[in-house]
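Letters A, B, C and D mark the chains in the order given here, with residues in each chain numbered from 1 onward.
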Amino acid sequence: MEYTVGSIAPIFLSPVIAFVINAFLGRKLPRHGDWLATLSIFISFIFSARIFGDFLFGKFATDYYIHKVFTWFDLSYGTQIFKVDMGIYIDNMSAIMLLMVSGVATLIHLFSTWYMDHDEKHGRFFVFLPLFTSAMLGLVLSDNLFSLFIFWEIMGFCSYSLIGIYNKKEKAGDASLKAFMTTRVGDVFLLLGIVAIWMVLGSVAYVDIYAAIAEGKFTGLSVLGISFATFSALCIFLGAMGKSAQFPLQVWLPDAMMGPTPGSALIHAATMVTAGVWVSLRMYPLMVLGDITWFIAVIGAITAFGAATIATVQTDIKAVLAYSTLSQLGYMILGVGVGSYNAAFMHVITHAMFKACLFLSAGSIIHSVHEQEMPKLGGLRKYLPYTHFAMMCCTLAIAGIPFFSGFVSKDRILGDALYYGFMAGQNPLLAIVPILGFAGAGLTAFYMFRMMFLTFYGENKAHHDDHGHGHHGDHGHGHEIHHEHLDARQNVPLLILSVFTLGFWFCGTLTGQGFGKVFGSKTEWFKILVEAPKVEKFVNSPREPFSKVDSKPEAHLEHAHYHHQTGYAGPNPDEHKLHSAHTIGAIASIIIAFSGVFLAFLMYIKGSVKPWASRFPGFTKVLQNKYYFDDLYIEVIIKKGLLNLNKGLSWFDMGVYDRFAVDGWATVNRWLFKASKWFDNVVVDAIGVDGTGVAVNLFNLVLRIVQSGKIQFYFVMLVMVLASYIWTLNI
Amino acid sequence: MMSLASYLIISMVLFVVGLMVMIARKNIVAILLGIELILNAAALNFVAYSRYVTSNLDGHIFSLFIIVVAAAEAAVGLAIVIRFFQIKETIHVDEATQLRN
Amino acid sequence: MFLQFLFISSAILTLACTVAVLVTKNLMHSCVFLLGTLVGMAGLYATLGADFVAVTQIMVYMGGVVILMLFAVMLTGGKDFVSRAQNLLGLPASMGNKWTYSMGIFVGVVFILTNVKLLSSIIKTTPTKTIGNDFPSTVTQLGHLLVKDHVLAFEISSVLLLGALVGAAIIARPRKQN
Amino acid sequence: MNQTVVSYLAQYEFFDFLVAIFKNNQSLLSFLIYLIFALLIVGMCATIGGLGTYAERKISADIQARIGPNRVGPYGLLQFLADGVKMIIKEDIMPATADKMLFYLAPLLCLTGVFATLAVLPFAGGFIMTDLNVGIFYLVAISSLVGVGVFLGGYASNSKWSMLGGMRGASQIISYEIPVTISILAITLLAGGMGFGTIVSNQGGLPHQWFMFHNPFAFLATFVYFVGALAETNRAPFDLPEAESELVSGYHTEYTGMRFGFFALAEYIEVFVVCGVATALFLGGYNIPGLDIDILPLQAIQFTIFMTKTLLLYYVVIWIRWTFPRLRVDQLMSICWKYLTPIAIFNLVGCAIWMVAFNGKSIAELVFGSH
């Protein structure tokens, strides 16, 4: 099978087409065209599945990649080369990511058709949803940072629109603005990094960057006193921090839950936030070269732990999920930082699955009960059995319980972190990374099960409350919680997603430790397919236009590469140490996870331990105020810093620029005006204008006779002129 | 008797009469009649030259196109006349002094 | 002999009708005389061996242009047209007066003098072929010329005709009275 | 230049005798032959036109279960002569406000237009006044003189009914000329020429060799032509210009005596001509089934075949007149412009494509193989 435009473009284009149709014709279509959006994403999914199948089942060698380009614009003139290519770059990682994004997005679309039914923003929602998905798919397909940036910004816009879709609510508008502005901070740095790389290389394609790293083109350059590689890597990572909501720029993500829940699911799980991790993974060789991995690891660890602590006190079910997303993103970034490339990417995938499922489940609850404050919920297990099942699977996964996917990926990250912090001979201060990581893992188990227990167990407070308060009647059917039935649009997507919370889909063994193989020889497909880019192979790699058949051999590595491996099989000489680190990490994380679950059980089911909110009121208040980050940004940075700066600038503008430049120029002009007025009156008007008028009048006297408007007169003149001309000829 | 000159003279008479019709009449339809005469005079010249001077049929082609153009001109011209009459209730050519309705 | 008979009769028809177009005061009669002129022209074309042009002349003018002219005369005759049927004479100014006729005659004389000056030299200098009485059919050759050498003009004239058709229909269509 | 009756006769030996009699003055001889021939055809067609009125009355009587004219001559066959005599001796009334010149001219124009078409009508091989190489084109062109005649007749009478009838007639005739001409063009494509000799000789005597059955498009064109021709001759159901119930008698309301007779004669002869053209174009013309030679004695058979087909069509025309109700004006125009013209254009394009695609073979040749 050849990969042509026709076999790759539909992945990106079919949602775009759905977007265009829905944007212009959505009102006229039945159900505002939501079926069209869903269908378009499903088409993307089918095409992605084909690519994934080719990569997974040994059609290609494991280091095969498809890179095709076309000239976007060519401004070359003579020897000045200025040619910008666009193209696609698909390797194993892209194939997996495409499948995940399109698959999860399909299910989210399907769920949205139920969730947004009869909603006033139904049509608008299904305009932006396919655009959002297509932007993410395009981002994954991009072969260079520039087109990545374009899709990155489209996603920013879409998230803005989706978060603020209920534009009548002031909070929604604020949240959308916050998300947009906060990510903008990161985007500026990302653009700076891209431009820096362009300045040096004249190209921002991944393969060119890899080749440049391999050839050492970045060495010896420096910007602002720091090495060029560090500078560009830092800039790109700051962009990723903005998009993936890492530590200082995390404030937008919890507010992003103001949008409809399926939109949040898309933002938190499959698309937007993973884009930051994606670009970090793609640029991993640059990060290594720039030697900022320790910074990445620290940022990730802080985010992972800090977000987890805040999540423990949240009462809104979606807020808990939002902070858990932050925390898990922290783990991904941490994984990138500690060199656990494979596991970090695996965590992207597994997290996308269970977080999408969690958000959809939350949506199912909210839509059924019309309540999202956890203290007012409870005992929903009887009413929403399918949602409960799905949500429980996902909670087990995110909490890191063995046999579930979250355990596999998180445990590998933590194992690598343990090795990185204690055994790799790094700076001893970096031991904080594994410590914060493990602490966060425990907190994750705790707050997730807290959410589960408060929502599904205990007695049903919402039910009783509604009998007491009549004012909830405006919900229409808000009084009675209907028993959930199996519905293709409501809970089947959840159940499908919950199937993939099992660990063996990703590691081939039950726990990820090599015991209990499930898939035979292809057990560790993920580990085999995904590895950090080997930059050396990209040197002098040919550019292939879309029209050409790939010249690279498709399967030049033997298929027997899929052999059984235990533990980490990287080229690390300290394999023994690493192995032991992983063993310790696995045991530790199992213990920590179960203890977290147990603590939650004691607090919220048995009630034998009082919730710590009452015991540490001060700390709880800090947590409830999200470590005062919002206040810091608004009170300190914006009000004290930026506002004063703006005031100063305004003073300069009014006092200096306006007074001297503008008003002074006006005075000069006034003098000029007097002079020119005299000139105008005397020279132009009297001589020029009136003189012209007199001249025209004179000519008019003559022309009026000739130009009579009587057509027969013209005939006569015509013949006369012709005759006189002919009579003057000498023939 | 049948020679190029006789055809040219007939064509000249047609042309002159057409010209005189155009000049003497104040009725737009009559002026269009004059134009038809003039066009026919030209077409006759082409065909006569085609027979007596050149040996190819390009003159025929040209007169065919003249006929085509005359037909189109008559159709559009008369449509304008009728429209003009609807507005002005007259087809006196000197009344047609405005470029807009 | 037959040919000359045809030529003389056609020429007389043409010239007589042409002059009648000029001198008659009735526009309707003018149109009918124009018809006579055009039929005579067709005869002249026939004497020149231009059979296709002759028939086209009859087809286009008799079947189309003259009837259009007659329609136009009828439609613009005035509201009370029927009661003063031939009093297009009643509109003497529009059919010309002494002043315009004298102007026309003056111009005509000037033009004829000019033309005679031209023709006298042209007829002397133009080399004419000696031609027999054979009249090969021109239809096939004209067809080939139209679709080979002159195909562009042919296509453009078809566009012109379409434009004239649409344009005439749009210009003359009745407007809503308001 | 063209095949004419003279050039046809010149291939026989007795022509030399005639030339000898006229002392080698060939022109005079030709002129005489033309004159005799023209008188023959005109006389014949005038008789046919006259008999047409008789046939019309007889057939209508038959359709309406009456007897019809039966007093003058056997079966009332000489009725038309009696009518003609009546018309000639009637007073020739001229309305006081009529435009005299045009009033005289109009019936003559009609008659001229119709009789001029007879010059190219192929009665039999060689028995055709002149086989112009633009024959059918000439016929279509010259017959539009009838439209002018109708229009001028309506105008010159200076009467409301006449005026309306004349305008209706003229607009109808020039409108229906378009589908008719385009249908004829389709047949011209099949025949490869516009002369009637070419057209007829490209068909055969048997029905599968007729152009009507040459291809489906030509089959459609036959009907388009026939409907359009009915309208062009102002026959029912398209007889709006002379609709009795609306316009008294249309453009010839004010005409009496022989001038009315001219109009009537022109109409009947035109119907005959139109049927003859349909025969020549679509129904194989004068071809004898199985034979394709035109030596002298056989032309009697050819003539018979041609007249049989034509008069059968004539019968159909009369039949239609007494069967169908009249159309409204808007229906008439919408039939022409919205149905017949597009169909005719479709036929033309279809025929052109057929000629290219099947190399000019007819359906019968394609089905039964080339013979």
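Things worth noting here:
One rule holds for everything that comes next: contacts are C-beta pairs under 8 Å (C-beta built on N, C-alpha and C of every residue); 3 or more make two chains touch, one makes a residue touch a chain.
Keep in mind that what you see is a predicted model, and the values were worked out from it rather than measured.
Of the two chain pairs examined here, A-B and C-D, the one linked by more C-beta pairs in contact is C-D.
One simple way to say how far apart two chains are is to compare their mean CA positions; for chain A and chain B this gives 75 Å. Averaged Cα coordinates give chain B a centre that lies 32 Å from the centre of chain D. Chain centres here are Cα averages; for chain C and chain D they lie 27 Å apart.
Chain A and chain D have Cα centroids lying 82 Å from one another. Multi-chain contact residues of chain C (touching two or more other chains): 49, 52, 56, 64, 71, 100, 103, 107, 111. For chain D, the set of residues that touch two or more other chains is empty. Residues of chain A in contact with at least two other chains: 712, 715-716, 719. Under the touch rule stated earlier, the contacting chain pairs are A-B, A-C, B-C, C-D. Taken together, the chain B residues at the contact with chain C in this complex read 1-10, 12-17, 19-27, 29-30, 32-33, 36-37, 40, 43-44, 47-48, 50-53, 55, 57-58, 60-61, 63-65, 67-76, 78-83, 85-86, 89-93.
Chain C contributes residues 1-2, 26, 28-29, 32, 35, 49, 51-52, 55-56, 58-59, 62-64, 66-67, 70-71, 74, 82, 85-86, 134-137, 139 to its touches with chain D in the complex.
Put simply, chain D touches chain C in their complex at residues 1-2, 27, 30-31, 97-99, 101-102, 105, 132-134, 137-138, 140-142, 144-145, 147-148, 151-152, 155, 158-160, 163, 167, 170-171, 174, 177, 193-194. Contact residues on chain A toward chain B in their complex (touch as defined above): 709-712, 715-716, 719.
Chain contact summary for the complex, chain C toward chain A: residues 100, 103, 107, 110-111, 113-114, 117-118, 121.
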